[in-house]
Every structure is written in structure tokens, then in C-alpha cells.
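What follows is a pair of complexes built around chain A, which joins chain B in one and chain C in the other.
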Partner chain A sequence: MSTLKKRLKNLQIVMGGSIVFVLVIMAIFAPLVAPLDPLAIDVPGRLSPPSAYHWLGTDALGRDVFSRLIFGTRISLMIGVLASFFGAVVGVTIGIISGYYGKWVDAVVMRFCDILLAFPGILLALGIITILGAGTFNTIIAVSIFAVPIFARIARGQAMQVKKAEYIDAIKTVGASDLRILTRHILPNILSPITVQMTLYVASAIVTAASLSFLGLGTQQPTPEWGTMLADGREFLLQAPHLVLYPGLSILITVLGINLLGDGLRDALRPRGR
Partner chain B sequence: MLYFFIKRLLQMIPVAIGVTIAVFLILHLIPGDPARIMAGEAANPEQLEQMRINLGLHLPLHEQFLNYFGNLLQGDMGTSIRTGRPVVLEIFENRFLITLQLAIAGTSLSILLGLIVGILSAATKTRYSFVEKLLMLVSLVGLSMPNFWLGILLIQLFSVRLDWLPIIGWGTWQQMIMPMLTLGVTGMAAIARMTSNSLTEVLAQDYIRTAYAKGVKSSVIIFRHALKNGLIPVVTIVGLQFGSLLGGAIITESIFAINGLGRLVVDAIRAQDFPLLQGAVLVYALVFVVVNFLVDISYRLINKRMELN
Partner chain C sequence: MKKRSMWLALLAVAFLLFLTACGTDEDGSSLGEVVDPTEADNGDEVSPAMTGGEIVYVVASDVVTLDPIRSNDSASTDAQSQMLDGLTRFDPVTAELLPRLATSFEQIEPTVWEFSLRQGIYFTDGAYFDADVVALNLNRLLDPEEASPALFIVEMITEVEVVDTYTVHIHTEFPFAPLPGHLAHRSGFMVSPNAIAATEVGEDVEPVGTGPFILSDREYGNFLLMERNDAYWGSQLAIPDYVRFIVVPEPATRFAMVQTGEAHYLVGQPTDFAVASDIDSIDVDLLQTTTLDYIGFNTAEGPLANVLVRQAITHAIDRNAIVEGLAEGVGLVATGPLAPLVDMSPTVEGLDFDLELARALLEESGYTDIELNFWYNEGNNFRGLVGVFVQASLAEIGITVNVASLEWGAYLEATAAGEHDMFMLGWVTTTGDPDYGLFPILHSDQVGDPGNRFFFENDEVDALLARGRQSSDRAYRMAVYQEVAELLVYEAPMVPLRFQQAVLLSNGVDGILTDFANTPFFYRATLRPTVD
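Entry: the complex of A and B
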């Protein structure tokens, strides 16, 4: 039973990993993969259904949907990965400091996290967009800020545990500095739960970013972005249902792939004998 | 228990104040002059000055905050720039109730579906593991589904193709079905996964094995013996889901043109109506804080009962 379970988990990692791999390749080599220019307007050929030339049809301006989706992979993955990365760097830094030093530092940091967590993620992102204005880069910042308390809490909990270990006392006695203990001994110990969380956060960052674009407050036209494409396609549900079908499917497949990978990694990296 | 209740209640206060400060600061972090943005480009210097005084921007920052906070305590959230009506009325006249209904309806549906899928998957895990795998894959797909896409697909099917349900609005049961589904499916997935994991762990315990050995029927074991213990972690996730559904309502209300609090937030951002935005964001966050408090309390209550038993 346990070997079967292990195999299924591996299968999950392989499936999720393959999806993610293909997407990353598509994003990097978008100009080579995309058959047409994603920005080329062709008004007479607008809203045409999928055909041999336009594999997934054209949008309201006659732009090739398939090519736009391929280029959209770039935007979505970039936002997801960068938001997760920035959120993790800031969150882990304040988390391990808070967990390691404890006392008032910890109290202040944790109340700060409580306040950030008091806002639903999308609302916090919307608030930040209000301050910074819409756009791809601002979306990254808006989405990464919500990640800060999530990573800070995980890092803090782990740091508090590791801090109590005997070997930390041992290196303290031989005179290691706090910085050295934090970066060389505590950080490596908490990397695996952080990696899992980073993977899973990429998925939710992609959805939040697409939601912002869907509301017209994220990435702006004419940049091909999945959420924006979906929002624009809403007007043409009757004439051109392909305009909402494929961008949504792209988000679903991407997020599913990342979730499969993250989920699988979580179980694979979990300490044995749970 | 009383001690815990009071301690938790007191913990809520600094968070609520912090949230209020954060919301207050929105107005001051915007680049440029908020009075200029709200009065419009065409405003003359007198109008601009009047706007500044209306917003209290001529005072030092700490006085502005104290005024803002004092007004809040008296139930005054300022005046909407766009409509000229008090923000409190804009929010609480009917929008707040609509969003609350939407979130409760969505949460109820997600609990119902989540429990069914979760229990089925835990029950089939040992003997029909392919059913369990399938159910968990379905819930992972649900978890990965962007809710704005789901909403549009539902509209495409039930309104555009079949013409069964109205596309927009909120009030009649026909209008409620699609928004409820849109919100509920994502929540369903999380609850199903949690239920299944927790129930599987409980089912592996000794007292369950004893019950099986005594020849108790599977259904009785699951519903009478296992579910009681298995549902404890589910309570937490239900609370979290309610919070995230409140967030999800922002999108859902935009898709179905429902005049709730979420749509108010988006409209206020678009119209740069900052007093309205501040009010709506504050109410959202405070509801969220209270929900988290209630989840903690109920979790504690259930756990306590288990300990006593």
C-alpha cells in the first residue's frame, strides 16, 4: 500500500512537473513557439472561430488567440514566480529574525502579520493597486505583499523549533555570530517547507493577478494576459465563446500543474514517520 | 474557557486598530494630492481648498487620524465623493447584507459538497482507491479553477445556451444559483481535501478497528464514530473559507453585476472615491477579523468538549 501511495505521489510530481516544464519552455521561447504576432491587428478577420490558420480563433481586434495565450504564459509565470519569490525573501527574513530573537521583536512582527492577514488577499492587492496604480509590475508588488505574512509565519515557527536544538547551543558556545547562525544553520533547515509554500504560492499568485486583470486593474492592454483576455471575451459569449474558453483553460492547466507539483513535493519532503 | 475568550477578544483590539490605521493611510499613500484627484482636474483653487477642508487634509496627520477614528466610533465613515451620500448608508443600506448573504450561501454550498466528497473519498480509500484518487483529482481541479472563469462558463451554459437562468442580479433563487456555485466550488475543494485527510487519520485509529471487529456497519462507524472527531480540523478550514469567499465575492459580484460590498470596492477604486473605498475595505477587514475570532472560539469549544468526553 505504502509503495503504491509513494508511486502515485511520484506520478503527481512527474505530471505536475511536466506541465510546469512545458509551460516554462513555452514562456521562454514564446516568439519561436507562437505561430503569429500576438499584437497584429486584423479587423476584417475579427472574432473568427478556430481554423487551420488561427488555431484558437481570433479576438475582437482580429488578433490570434493562440499566439496571445503563448505570450500570456510569460506574463502569468513571471508574475507568479516573482511575486512568490519577493514575498518569500521578505517574509522569511522577518520570520526567522522574529522567531530567533523572540520577545518584543516577535510581538511586533506577528501583530504586523495579523494586520496584513486581516485583509482577504484580493482586497489587499486591490488596495495596493489603488495606491500604486494598475500595471504588470505593480501587480507583482501587490500580490507579493500578501505572501509576506504567510512566509513569515512558517519561517518563524521553524526558526523557533530549530533554535532550541542542541547543536545551535554548541555553535553559540564556539562563538558563531547571530548572522552566521541565521544564514548558515537556521535557513538551510527551513528551506524545504519554504520551497513547498513558494511553489503553491506561485499558483495562487497567478490566480490573484489574473483576477486583478479581469477587473481591469492588473496588466493593461495590449499586453497579452489571460485575465484581460477573459474579461474582453465576456462581451462576445454568443458570437465567440472561444474567447473565454481558452484563456480560462490556460489558467486552470497552469495552476493545476503547479498545485500538483507543490502538493507532491509537500508529501515527498515531509519528515518521515508522520 | 472564559479566560481564553477574553484573551482572544483582547487580542482582536490591536489588530482592529492596526487595520484602521492601514485603511486610514490609503488616502495618504496615494501619489499626488488626494484633494486634486477627488475634486477633479477642472476644480478651481477654492473648490480644491474646500475639498481639502472636507477631507480634513489641512490638519496634521495624527490629528487627522484621531478625527477619523473618533468619527468611526460614532458611526461616521465620511461622505462618498461620487454620490454625496454618507459612506455608512452606501455600505449598510443593502450592499453589506447582499455580500453577507452571498458569502453565507457560498459557504453553505461548499460545506455541503465538501463534506459529501470528503466523506466519500475517505470511505473509499482502502477498498476502492481509484474512486478516492478520482475524487481528489476532481477537488484539486476545483481548487485550481479560477472562479471568474467558472462564473463565465456557467453564464455561457445556463444563460446564453440554455436560457434557464438570469445573467445578472441577486434576490430571486434563480439569480442566486450561479453566484453560489461560482463561489462554492473553490471552497468545496478545500473542505473536501481537509475532510478526507482528517477522516482518514481517524479511521486508522484503534477504536475504529474495535468497532469494525465488533461487526458494526461501515456507515455507522463513519457517521457515528469517526465523523465527530474527524470534523474538528474542518471547522478551521470552514472559517478560513468564509473569509476567502468574502474576498471571492469581489470577483463574483463583478461577474454577475450584483450590487454588494465587493462591487462597491471595485467601483470606488475606478471612480477614485477614496472615502467610500476606505469604508468598504475597513468593513471587509473587520468582518474578517470577527470571523477569525469566531472560528478560534468554536474550534476551542469543540476541542474542549472532546477533552471532557
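Entry: the complex of A and C
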């Protein structure tokens, strides 16, 4: 039984990893992969169904949906990865400081995190976008701010655990500075849960960013973005269902791939016997 | 144990679903009883259709206000038009201006109009309609403290003189030919004096009128229900028992509601026309309106203050592609500012789509590296598409355009404050008179919030518009408006795009009358018997 489980886990990593790999390649080489210019307007050919020339049909302005999806991969992955990365950097920094020093530092930082976590993710992002204004870059900021408390909590918990370890006491007695302990001894020890969380957060960041764009607050026209494509296609649901089907599927497959990978990684990196 | 509670929960959900399904059956069928046509108080052929019943009209946004002097949106106008009457009205069928609560109107002196009023009319709260009520309502509209957005429609009125119980003299600052048409505007609707007395200055009045329907129930953001006024003064009582406005923001959902018969009437998107034509349950009608869709320029400053730049942009936009393509041929390509349906409408050639000429004009202007914003109101997908189309078109002549959508209130505020470069809006010539179609949006007195969002100030246009509204001579007025239209082509404060055709979708209902401003009237509507 346990071998079967292990095999399934491996399968998860392989599947998730392959999806993510393909997406990354598509994003990097978008201009080579996309058969047509994603911005080229062709009004007479608008809303045409999938065909040999337009593999996934055209949108309301006659732009090639497949090419737009490929270029959209760039935006979505970029938002996902950058938001997750920035969120992790800030979150982990304040998290390990809070966990290591404890007392009032911990209380202040954690209450702040509680406040941020009290808002549903999309609501917080909406609030931030309202202040900063719509756009791809601001979407990244909004989504990463929401990630901060998530990473901070994980980092704090791990840091509290690690700081009780005997080897920390040992290097303290030989006079290591706090900075050195935090960066050289605590941080490396908590990296694996953070990595898993980062991977998983990429998926939710993509969804949040797509939701913002769907509401018209994220990436702006004419940049191809999945959420925007979904929102624009919604009006033509009856005439051209392919306009919502494919961006929707893209988001689904991407999030599924990243989650499979993240889940697999979590189990692979989990210390045995716990 | 855990599993068992899960099953229980599932069962409970299934049961609830079953209960709600039963509920909709009761509410869903809203047909009234069949009435013997001989009993019906009208001369129309009613049989074999159903009389009574509830007409469901699905709208995109909620009625903002039921106070006629304060509304500025179509849902509010639509609702008010079922409950209130004005002195005059454009006949929904013939588009002819007819007396309504008046029996006749006449320009007895250049600056005095005499209105004779209909006798024996009561408001639904029992108040009597007479000359004092007319004065009260018009003075309320004219009161600067009420700050009505429709003030510009009647601002030439200097005095409302009550001559006797059924005669009113309306004095104007200058001879004003289109006055009776202007009074057909919703802002001239008559509201009961009791309702006005119960309202503070600046507050919304209750819609107590003399119309075929009475307000019955309202849930903000959800629905508005009106019931038949059984004491209606007209020769025919309304046919439906109820008219319900249901608010559904999602266009696809609205469409589906009409398709399935959950709603009876909808003003669709241009693109609905082709789809609906293939669906048996939906009756589709195209209605030519007086509405102009246009792209406006902020002519106050920057490159757009230069007429060559404006002409260049106009030449770079292919209107045909927008109307035939993006609007799927629903509507007419606009070359000038006034729709053919508008009285005395001028005909002009307009600036052709010509990229070479556009580039040449831009070069002549001396401007390079122009970057402009293009704003439209959130939720208006057609305008969004036009925005992206314009963005791509202007990229061809080296102009960068940033397209953004703003929430409706913020959009109106920002364009009134002149923060925009380019914007897209529609203008409904509600009165069918060229003065209404041009003066409010192009005269320099109207700059900003009152309606001139182009910040267009041109002495020649001002002078012509003033002459046009002060004359009663049709031939002279026609010549004046022809000249204005030609000047506007050259000055290019806007790119006229399309004269809208409204896509009217209905299911299972006959007799809804819609006027050229696209306001529906439901009092003659009959539901078709459903076939089981």
C-alpha cells in the first residue's frame, strides 16, 4: 500500500512538473510558439470558431485566441512567481525575526498579520488596487502583500522550533551574532516548507490576479491576460463559447499543475516519521 | 460517524433544493386570467391574448431615482414613464409631438407659449391637476436649489404664469421654438402637489403621477414593481396588472432570461441581434433611435486642442469597421452629430477613413510622440472594444493610447472635470429637436458637468446654436443646423460613430410601444397565452 502511495506521489510530481515545465517554456518562448500576433486586430474575422488557421478561434476584435493564451501565460506566470517571491521574501524576513526574538516583537508582528489575514484575499487585493490603481505591476504588489502574513506565520513557527534546538544554543555560546544565526542557521533549516508554500502560492496568486483582471482591475488592454480574456468573452458566451472555455481551461490546468507539483514536493520534502 | 453526518448534510441540501424548486413554480407563472374582450374597457383587439398578468422587463442597472427632475439614466426614465405624464409627449408609434396633460399649445407671442390643460384629471393620491400644479412642478424644476441636471432643458423659461385654472402661459427669455418638445422630456413630468409638499428641497419626490401605473413595491438593486392605475384618466386602462423591472447586471443572464421566458422584454446588446434571430422563442425588433455614439476629444489643452490632430485621429478611425464589425451592422454609420430621425437633421459627408491623410495632417500639426488616454464606463463592453480598436488604429499613425474603464459615477466626474483626453459616450436627442441634440453638449455655456465634455468653445458654433433655438422658421433653422454640422466636421470635437439601433428582444408579449428615445411603454402590452 505504501509503495502504491509513493508511486502516486511520484506521478503527481511528474505530472505537475511536466505541466509547469511546458508552461514555463511557452512563457519564455511565447513569440516563437505563438503562431500569430496576439494584438493583431481583424474585425471582419471576429468571433470565428476554432479553425486550421486560428486554432482556438478569434475574439471579439478578431485577435487570435491561441496566440493570446500563449502570451497570457507570460503575464500569469510572471504575476504568480513574482508575487509569491516578493511575498515570501518579506514574509519570511519578518516571520523569522518575530519567531526568533519572541515577546513584544512577536506580538506586534503577529497581530499585524492577523489583521491582514482577517480580510478575504480578493477583498484585500481589491482595496490595495483601489489605492494603487489598476495595472499588472500593481496587481503583483497587491497579491504579494496578501502573501506576506501567510509566509510570516510559517516562518515564525519554524523559527520558534529551530531556535530551541541545541545547536543554536551551542553557536550562541561561541558568540555568533543574531544576524548570523538567523541567516546561516535558522533560514536554511526552514527553507523546505517555505519552498512548498511558495509553489502553492503561485497557483493562488495566478487565480487572484486573474480574478482582479476579470473585474477589470488587473492587467489592462490590449495585453493578453487570462482573466481579462475570460471577462471579455463572457459577453459572447452564446455566440462564441470558445472565448471563455480556453482561458478558463488555461487557468484550471495551470493551477492544477502547480498544485500537483507543490503537493508532491511537500510530501517529498517532509521529514520521515512525522 | 463522520460519514453518516456527511450523508445527512447532503440529504438536507437535496431537500432544500427540492423545496426551492417547488417555490419557483408558484412565482414563475404570472399570467392573469383570460378576460372576455367585450368587458375590456377599450376598442383594441384584445382577444385571444391574455389581459392582465405581469410584464417582466429585465434591466442592466437599477432605477436610480423616481424623481423626474433628478434622473439621468434610462432605467429611471423607463420607470417614470409608466407612472407619470407630462404636458406633451412624442407618440411612441408615430413620433409626433402630441399634447398629453395639455389639450393644446400655441406660441401666442414670440416669447410666450400658451398651454391649455386637460380637465378632470386626478393624481393617484386624489390631488387635482390644474394650472397651479403645472407652475409648481415647473418652478421646482427651475429652482436652482434643486440643482436638477435637466435644468438646461428649460433654463430659457423666465416665468410660468397661471392665467386661469386650465391655462398656463410660459414666458421664455428669447423666442424658443422647441419648447413643447422640451416639455415632453421626463423632467417635465407632473407630480402630485401633495407629494411635492411632503418633500424637502433637494430630496427625491415620490412618483405620484397621473400615469397608467402606480408604484407598488421596490427592493433596491433587485426589482421595482408597478401595478395598474384603475382610475387612469386615459380612454383605455392599462392592460397588464403589473409591470416588474428586474435588475440583472450580467448581459448573458438577461439574454437567457428572455430566452427562457423568465422575462418578457429586454433591450439587448448589438451582438444579441444575430443570436436572437436564430432563437424561436425570442421576437427581435430593431428600432432606429436618435442616439449618437461618439468618441469625444478634450479640446481644452494639449495636442487635442489642435484641430489638425483631431482631424488626423478622425481620419484614422474606420467607422465602417466599428459599425459593420463590432456592432455587427446594428445601427447606422454616423457622419454628423444628428441622427436622421432628428427633425431637420442635416446631412454631412464627414471625414473619411484615410490613414495617409491622417499621417500627413499629424505631421503638419507638428506634434510627435502623442500619448492619450481613452476612457469609457465600466461594464460597457462595446465601448471597451471600440477603445481597443481605436488604440490599434491610432498606433498606425504613431499615437499611443491607454485604454481604461472607470466606474460610471467616477467616469462622469472625471470627464466633467476635464481629466480625460478621449472618451466614449452616447447622446440621446430625447426631444427629437436639433437644439437638444447639439446645444447641451457643444455650446460653450455647457462646458464640463452640464454636458460639453469636449470643452469645446467656438464662437461661431455658439452663435449659430443660439440663432437656431431662437427661431421658429423651419427653413431658417434647417439652414442654421446644416451650417453647424458642417463646421463640426471641420472642427472635429468628436468622432461621430454610430446612430444606435436598439435591439428589442421580447418573449411571449405583444404591444410594447417603444419611442425613438428607446423608452418602452407597457400599458398596451398583452401576454400571449402559454401553450402547454
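Note that the second predicted complex is superposed on the first by the 274 of 274 C-alpha atoms of A that agree within 3 Å, B and C clash if a C-alpha of one lies under 4 Å from a C-alpha of the other, contacts with A are read in each partner's own complex, and residues count from 1 in each chain.
Operating definition for what follows: contacts are C-beta pairs under 8 Å (C-beta built on N, C-alpha and C of every residue); 3 or more make two chains touch, one makes a residue touch a chain.
Given the structure is predicted, the values throughout are model-derived calculations rather than measurements.
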{"item": "Which superposed partner A:L238 touches (first chain B, second chain C, both, neither)", "value": "both"}
{"item": "Chain touching more of chain A, residue-wise (chain B, chain C)", "value": "B"}
{"item": "Common ground on chain A, meaning residues reached by chain C in one complex and by chain B in the other", "value": "216, 234, 237-238"}
{"item": "In the complex, chain A residues that touch chain B", "value": "4, 8, 111-112, 114-115, 118-123, 126-127, 129-131, 203, 207, 210-211, 214-217, 227, 230, 233-234, 237-238, 241, 244-245, 247-248, 251-252, 255-256, 259-260, 263"}
{"item": "Residues of chain A that touch chain C when the two form their complex", "value": "39, 41, 43-44, 46, 60-62, 134, 216, 220-222, 232, 234-239"}
{"item": "Residues of chain B defined as touching chain A within the complex", "value": "14-15, 18-19, 22, 26, 29-31, 129, 133, 140-141, 143-146, 148-149, 152-153, 155-156, 160, 243-244, 246-248, 250-251, 254, 265-266, 269-270, 277, 281, 284-285, 288-289, 292"}
{"item": "Residues of chain C touching chain A in the complex", "value": "250-252, 255, 269, 271, 274-275, 321-322, 324-326, 378, 381, 384-385, 387-389, 391-392, 402-405"}
